[in-house]
Structures are given as C-alpha cells and as structure tokens.
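Here come two complexes built around subunit A, the first alongside subunit B, the second alongside subunit C.
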Partner chain A sequence: MNPIKPRARSERLVTRTVGDELLVYDLDRHKAYCLNPVAAQVFRHSDGQSTITEIVARIRRAVGMPIDDQAIRLGLMRLDAAHLLVDGSVDRTHRTSRREVLRTLGKTAAVVVPVVTALTVPTPAQAASFFVCAGCPTTACLGQPCSPGGICKQSGSGRLFCDSPP
Partner chain B sequence: MAKLDRLPWEGAIAFTAFGVSAGIRVSDASILEPLRAILPPDWKTATKPTVARLYSLIAGGASQRPGVRRFNILYADATRLLRTHDLDETLHQLQVSLELFIGDRAPRRTFVHAGDVGWKGKAIVIPGRSHSGKSSLVTAFVKAGATYYSDEFAVLDERGRVHPYPVPLALRQDASGLPRKYKVEDLAGRVGDRPLPVGLVVITRYIDGARFRPRLASAGHAVMAMLGNTLPARRRPKRVLDVLTRAVSQALALRGARGEAEEAVGQLLATAEAAT
Partner chain C sequence: MPMRSPDEWAAAHSALRLWLATGELPPAPPDEFAMLITEVARQHGVAGLLHDAIVDQERDWSRAACAILRQTLQDVFTLGVRQLDTASRVQDILSAAGVRCVPLKGAALAESYYDSIAHRPMEDVDLLVLDDWHRAVRLVKAAGLREEYKADHAIAFLDPALGVAVELHRGVTSCSALFPLDLEATWRRCRIAAGQVRMVPSGEDLLVHLSLHATFQHGLGLRLVQWLDFRRLLERNRPDPAVIGQIAADPLTRRAVALALEAARAVVAAPVEPELRKLIAAWVPVRLGRFILRTQDDAAIVLAPGQPPLAWIRWQLAAGRRWMLVRETLRPRVASAPAFRTGATARALRLARRWARPTLRSLRATPWN
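Then we have the complex of A and B:
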C-alpha cells in the first residue's frame, strides 16, 4: 500500500505570513483561516511528495520540539476539514482527536497542538452592521434592530423590520 | 430607472469621497440641507458629469388630498431601499447605504468597521459590529484624553496607518434603535488630523457585569478580528490582507470581554502607554 502523501491546496488561496502564523484566504468559499505555527508548518510541508513520517521529521527540526505524528495527523485532519488540502491526499479513516494528542504529549501539548481558526469573511453589509436578516431583499433593514435567523419583512406602513424566530 | 428619471427633481448633490463618486437627487429642495449633514467626512463636489451610484429620494409628507400622507421613498440606482413616513429614518438609511458603498469601493483606503482613537502617536483600534460597545468605549477614551478618530470606521491606507473618519459619535439610547449623535467637541474631545500607525488592537465586546481581564492575542488573531469587520474583504482579499498585516505588524493585540467602558479604558491606556 502506498504511504499517504498529503498535499496542501495551492490554487484559489491567498496566503500571508504574520509572525510565525499563516493566514489563508479561500477565494472559493470566502473563508479565512489563521494557522498557528505548528499548523502552518504542517500546511507548508504538505507538498504531496512527503509521507507523514517525513513531514514529522522536518517539522521537528523546524520547530525544535518533540512533536509526534499524532499531532501532525490532527493538523492534517484540521486542514482537511478546512478544505486546505487537495481532496484524497489524506486518510480520512484514521482520525485522531485533540484530547488524544494532549494525552500523548503532556505538558508540551499546548505549544505543539496545531490550531486552525476559521472565519467566514463578511459581505460589506455584514461587516458594517450587526446581523443581516435572511431573505432581506436589499440591505434596507440595516441599522434597525435585527437578530440572527430573522426574516426581513415589510410592515403595512412600508417599513422593513426583522421578524425574529421565536 | 427611466421612470425615476422622468420624475420632477428639485435638487441634487454630486460628490466624491475617498475616491468614490455618488449623487443624490431629491424631489424637495428643502431636504438638501439635512442631506449635507450625513455626507461622509471630507466630501468634495464632483467635477465629472457621471457618478458611480445615484440615490433618488422622493420626499413624503402631507399631500394635497386631506388626510393623506405620502411616503418618503429612497432608491439606490433603480433598487428601492426604503419606503417610510419617517424622514429621519430615511436619512439614516441613506447614510448607512452611502457608507457601505464608499467603504466597499474606495480605491486607496480599506474600511474596517471599528472604533479608533489616537493615544501618544499611535492608534487604538477596536474592531467590532454595531451593538458590540465600540461607541461607548470610544467615548470613554475621548473623555480620558484620547484623540477622536472615529466610532464607525478605521480607514487604513496602504501602509496600514489609520486616518480620521470623524463622524459624530453615535450612542444608542432610545428604544427605537436609532442612534443619538454627539459631536466630539461636546465631550471636550479633539479630532485627530493626521494618520497614525496602529499601536493597539482591542478585541472585545460588552457583557454586563464582566470584569475586564484582557489576554494577549496573536498578530494573526488581530488580523482575523479586523478582517471579519472589513468592508471590501471579499472584493479585494489580497490587498486587504496586505494592508491588515502591515497595520498589525507593530501593534499589540488584547482580547477579552469587558464590563463598564471606563474601567476597561484605564487598563487599556496603561497597556498602550507601556507598549509605546
């Protein structure tokens, strides 16, 4: 059986390095991710040529800390969940959890656990206000009290209002 | 649009702000004066004959027929935005729509929905949506001696510096949800007049009774907090990421829920001072 060689996506992504973190913007899904240093290393070393064992060895050298392949598998799992890996380049049957990794690594775990923070990038209307009602025909109810999951409706007087779910 | 064009328009304003042009035509010339008050800071009369967006405001009020009141109706190009009897609501909606349009399209500025003040040559930026408590925090900063930049937008240039966007402070105090506006001078505050580099990013929201115990946030999380409030984030992601990463490159970032604004401001100013 061929060993798994994870490959990070390179198309339709914008990446920027901030300190030792990596910011990734997915142009297809309009989602942004902040990869902590370990997750960033996993992403960078997932070149489609290296096996997980080889990636672990490289990251150990780069980070200078004991990282076992459980942590890297967790990182790959998280990158895969964020659609940052090429489909089919990781084994989805072998899943590991953050708790398992923490148990294995003990005190150093907090430093070496890969973390991927996600954000759905807002539209201008969402960025400039609080909530945009589902089904709002324009952005006309902006500035009025809205609530998540609300539906934008028009009253008899013509005024738009947010009809909140019970 | 052709039907709108055929209506008798009594007055119009065409202007540019932050490199974006817009026009507003009104069916009643008496509305022009209150209209000028809601235009973005530093607007200038447009010199070109065409604008990127044309707003049309049909004024409501009493009709010639007894017992009938006409609606105020607002259009952005051919799209109807609002139909209401309340002119203040119409003007507020027009202002919101204008800010969105200009903030999204400004070619050389990046608009982040945030409150921002100047303190000892650096900007303190508080990204957040409406109702997150930005304005009350900005008000407390101004009362503590900080220079007012904006309680609505952090306007960033290509180098990541914050420019003033000094709209009146908007504090929500009445049940209608519409904000009441104050001039910063009413609080004995000063308005900033030059761009400042970002010194502190505060990721916070108001929780009643919370004690402010901020934790350090990474630069990456500071960028994410700002990105989540950036108007042109989807339109120009590469440029936005460049600007935001430059903006936070020399900044400290703190995160945590806060209670009363005055308590948080004391801590934040001490932190900002120590960091400079």
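Then we have the complex of A and C:
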C-alpha cells in the first residue's frame, strides 16, 4: 500500500504570515483561518511528496521540539476539515482525537498541538477605527466609516455609506 | 479609552507621521501613549503596517497595544482579500461582456504597492468603467449586487453574500467634466498584475487619479494611509514625469496633481524626484501655493480628522473654469440615473440642505488671503 502523502491546497488560497502563525483565506468558501505555528508547519510541509513520517521529521527539525506523529495527524485532520488540503490526500478512516493526542503528549501539548482557528471576517467598520463624520447632525453614524469632508448617508437597506461631497 | 487632551492626540499623530516619513519608531513608548498611537494608527489605516514595523524593528511596545494591532492586521487582511476578490469578480463579469474597467485607489494599490493587503485597508473597492456605463450597471445588478446609493460620478453596490461594497465609477471624481482624462490612453497604459486584481492602471495614471481624488473630493483632508499611497507610488514605481505631463494635460488636473504631491511631501515626505518637482512647481497657482506653504509648517491641516477648506480648494482649482464647476455641481452633465435629472434649483436646494453644515465648517479652515 502506498504511504499517504498529504498535499496542501495551493490554488484559490491567499496566505499571510503573522509572526510564526499563518492566516489563510479560502476564496472558494470565503472562510478565513488562523493556523498556529505547528499547524502552519504541517500546512507548509504538506507538499504531496512527503509521507507523514517525513513531515514529522522535518517539523521536528524546524521547531526544535519533539513532536509526536499523532500531533501531526491531528493537524492534518484539522487542515482537512477546514478544506485546506487537496481532497483525498489524507486518510479519513484513521481519525485521531484531540484528547488522545493530549494524553500522549502530556505537558508539552499546549505548545505542540496544531490549532486551526476559523476567523470571522469583519465589516470595514470593525476592521479599523473611523472618524465621526463632520456633517451628520445626529450620532447615528458614530463609529461608521466616513471620509473627511464626507457625511454618512443611509441606504435603502439601512447600511451607512460615506457620501462624499458633490 | 480615557479622555485625551488635544496635545496628546497631536503627539500621537506626530509620532506616526515621523515614523512614516523616516521609518523610525518610538522604541518603547509608555503603555498609555502606545495605546493612543495604536488608536490613531487604526483611524489612519496604518495599524497593520505599524504592527509589522514593531515586530521587524524588535521594539518593546506594550502587549495590549501589540495585540490590538495584530487583531487589526488580521481583520484588514481577511476583509481585504474578500474585497479584492469581489473587485476581481466584477472585473471579470464586465470584461466577459466587453466592458472595460480599471480599479481605482486602494483596489489598485493594495497588492502592487504594499507588501501585504493587511497594510492597505479599504472601506470599499472602486472600479472605473471605461465603456458603456449603463450596461455595466445592468451587468453588476444582474450578478446579484444590490444598488445602495448613487452619486453623480458613481453608484455604490453591495454584495449581499459577502457584505463587500463596490463603487462603480463613471468619473474619477464628482464634476468629472472639470478634469478631462483620456481613458483610452489609460487603458493602453494598464498592466497585468500578479495578485487577485489582474488589470491595474499604470503608476502615472494612478498618481493622477489619487491626486484628483485627494484634492477635489476631499480638499486634501486624507488619512495617513492615503498620503502613504503617494509615497509608495513614488518609491516603488518612479513615475515618468513626461507621462504624468501627458495624462495631466489639462491645467486643472495639473493643479490637482501639483497640490497633492506637495502636500504628500509635507505629510509623509513623499520622495518627489527633482525632475517631477521642477515640472509641478510651474503648475501651482499663487494662492494654492501659499496654502501648500502652510501645510509644510503644519501638516495637520491636511490630515483627517481636520476639516479641510474643501469649497475654497475647489474654487481655486477651478480658476478659469468656475462657471463649469457651478454648472457641474448644480446640474451634472453625466447624470447617472433618471433620478438625477432634476432641475438645477431642486438640486441646489437638495445640496444646500445636505452640505450646508460641512461647508460652513470647512469655511473656518479657509485661508482667505
């Protein structure tokens, strides 16, 4: 039987490293994830050429810590659940539970357990602070995006827009 | 956040401006001041950039401030990817139907002139339609985007599935007849980009578009990230002054470009090369030149949330064609929909009702002499 060689998706994903974590946006599903350092390593080393054993060895070298292959399997499962791996590149029959991994790893678990966190995509108003617009007579638009010199205007659907001067 | 004095806000603005101009970050500001700088950075759209600068320069900033900056970076990244995907989708829909469009402002800059989408937040994505406007509007509506509101030069749509706002423009600014641009030449100069948005205007076109938007639309009252756009364009593209001269062939457009570049020099030390400086020096009329000299002493004049002397700047920009400014304001030649074909008196009343207050406020900042 051929050993499993996991492959991370490379198409329709936009990634961005922040420190040792990795942000991934899936353009097909419009979902965003934050991969902790171990999950990010699993994602990066899932090249479709390496077996799980080889991936484990590489990640151990990269993070300089003894990482159990159960942890890597858990990471692959989580990446697969988030649709970040190419379909069919992991064995879905062999499931590893988080509890099982934690039991095996003991005290080091907090550091080496791969975590894939789903992110909420914010609205523009949540993604930054905005100035209160100059022209609004009320505080209805407080905190809404508005350009200097513009005024907030409510659309038919109730959404506030910054109306720039005519 | 506790109440802050105007001096504290000014100090935070000043620290950010200095960093953008020189690259130097305060090494370890007291925690409260770090939080204030963080808030100002979020307001001015430079939080992601500040986060990465702190990490790269290994500065010892408060953990709370770093956590907020990190969260903002993450938010701007995820939203930005979604926004650019929507822009790209609309571009594809229009292009498949033979309607050409080019991204404006943030949508054109985020991937090409910044190291990360997380460094260039956008409220919406702007696309300038070069061909049949009404057809473009129909196509976008047919694709499921919902019309939210109209201005004389643009219609804002909302993608209800993703919550992303797209502004479809028929002019770079309102009263766009004041600033005639050769859009065929703009299209010829476009280049294929490697990111999500595949077709972007040349650096020279972008510089002119940004300048018109900054001066005419906002009276030069911009956020720091919008001023940084100029700096990035000049640093990473080195626009050809001769091409800028061709694009800004009209004297009004030239005034806007000169004004915006001089203000960008004052705010974020945008590196305007000597040849370009020589060119634009001849484009600034005397009164606007005096205003620019004031910004060199006090850059806060052209920094949000200050109220820019918008009406005065428009009046000065339009010198020699002021009758057109009045006519275009009261009765835009490029009406976007039947609703806009109201009489000049009705429109004047509507504008007065809506804009009287901001205009009166901006009069306070007007340099009368």
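To be clear about the criterion, the second predicted complex is superposed on the first by the 120 of 166 C-alpha atoms of A that agree within 3 Å, B and C clash if a C-alpha of one lies under 4 Å from a C-alpha of the other, contacts with A are read in each partner's own complex, and residues count from 1 in each chain.
As a working rule, a contact is a pair of C-beta atoms (placed from the backbone, for glycine too) under 8 Å apart; a residue touches a chain by one contact, two chains touch by 3 or more.
Keep in mind that what you see is a predicted model, and the values were worked out from it rather than measured.
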item	value
Partner chain in contact with A:I4 - subunit B first, subunit C second, else both or neither	neither
First, second, both or neither for A:R16, with subunit B first and subunit C second	both
Touched partner set for A:V63, first subunit B, second subunit C, both or neither	neither
Which of subunit B and subunit C A:T117 touches, first, second, both or neither	first
Common interface residues of subunit A - those touching subunit B in one complex and subunit C in the other	14, 16, 18-19, 23, 25, 27, 30, 32, 34, 119, 121-124, 127-130, 145, 157, 159
Subunit B residues within the subunit A interface of the complex	71, 76, 79-86, 89, 92-93, 96-97, 99-100, 103-104, 112-113, 129-131, 177-178, 218-221, 223-224, 227-235, 237-238, 241-242, 245, 248-249
Touching residues on subunit C, where the partner in the complex is subunit A	39, 42-43, 45, 47, 55, 70, 72-79, 81-82, 85, 116-118, 121-124, 146, 148-149, 151-152, 156, 158, 161-163, 165, 174-175, 196, 217-219, 221-223, 304-308, 310, 329, 332, 351, 354-355, 357-358, 361-362
Of subunit A, residues touching subunit C in the complex	14, 16, 18-19, 23, 25, 27, 30, 32, 34, 119, 121-124, 126-132, 134-135, 137, 145, 147-151, 153, 155-157, 159, 161-166
Subunit A residues within the subunit B interface of the complex	14, 16, 18-19, 21-23, 25, 27, 30, 32, 34-36, 117, 119, 121-125, 127-130, 138-140, 142-145, 157-160
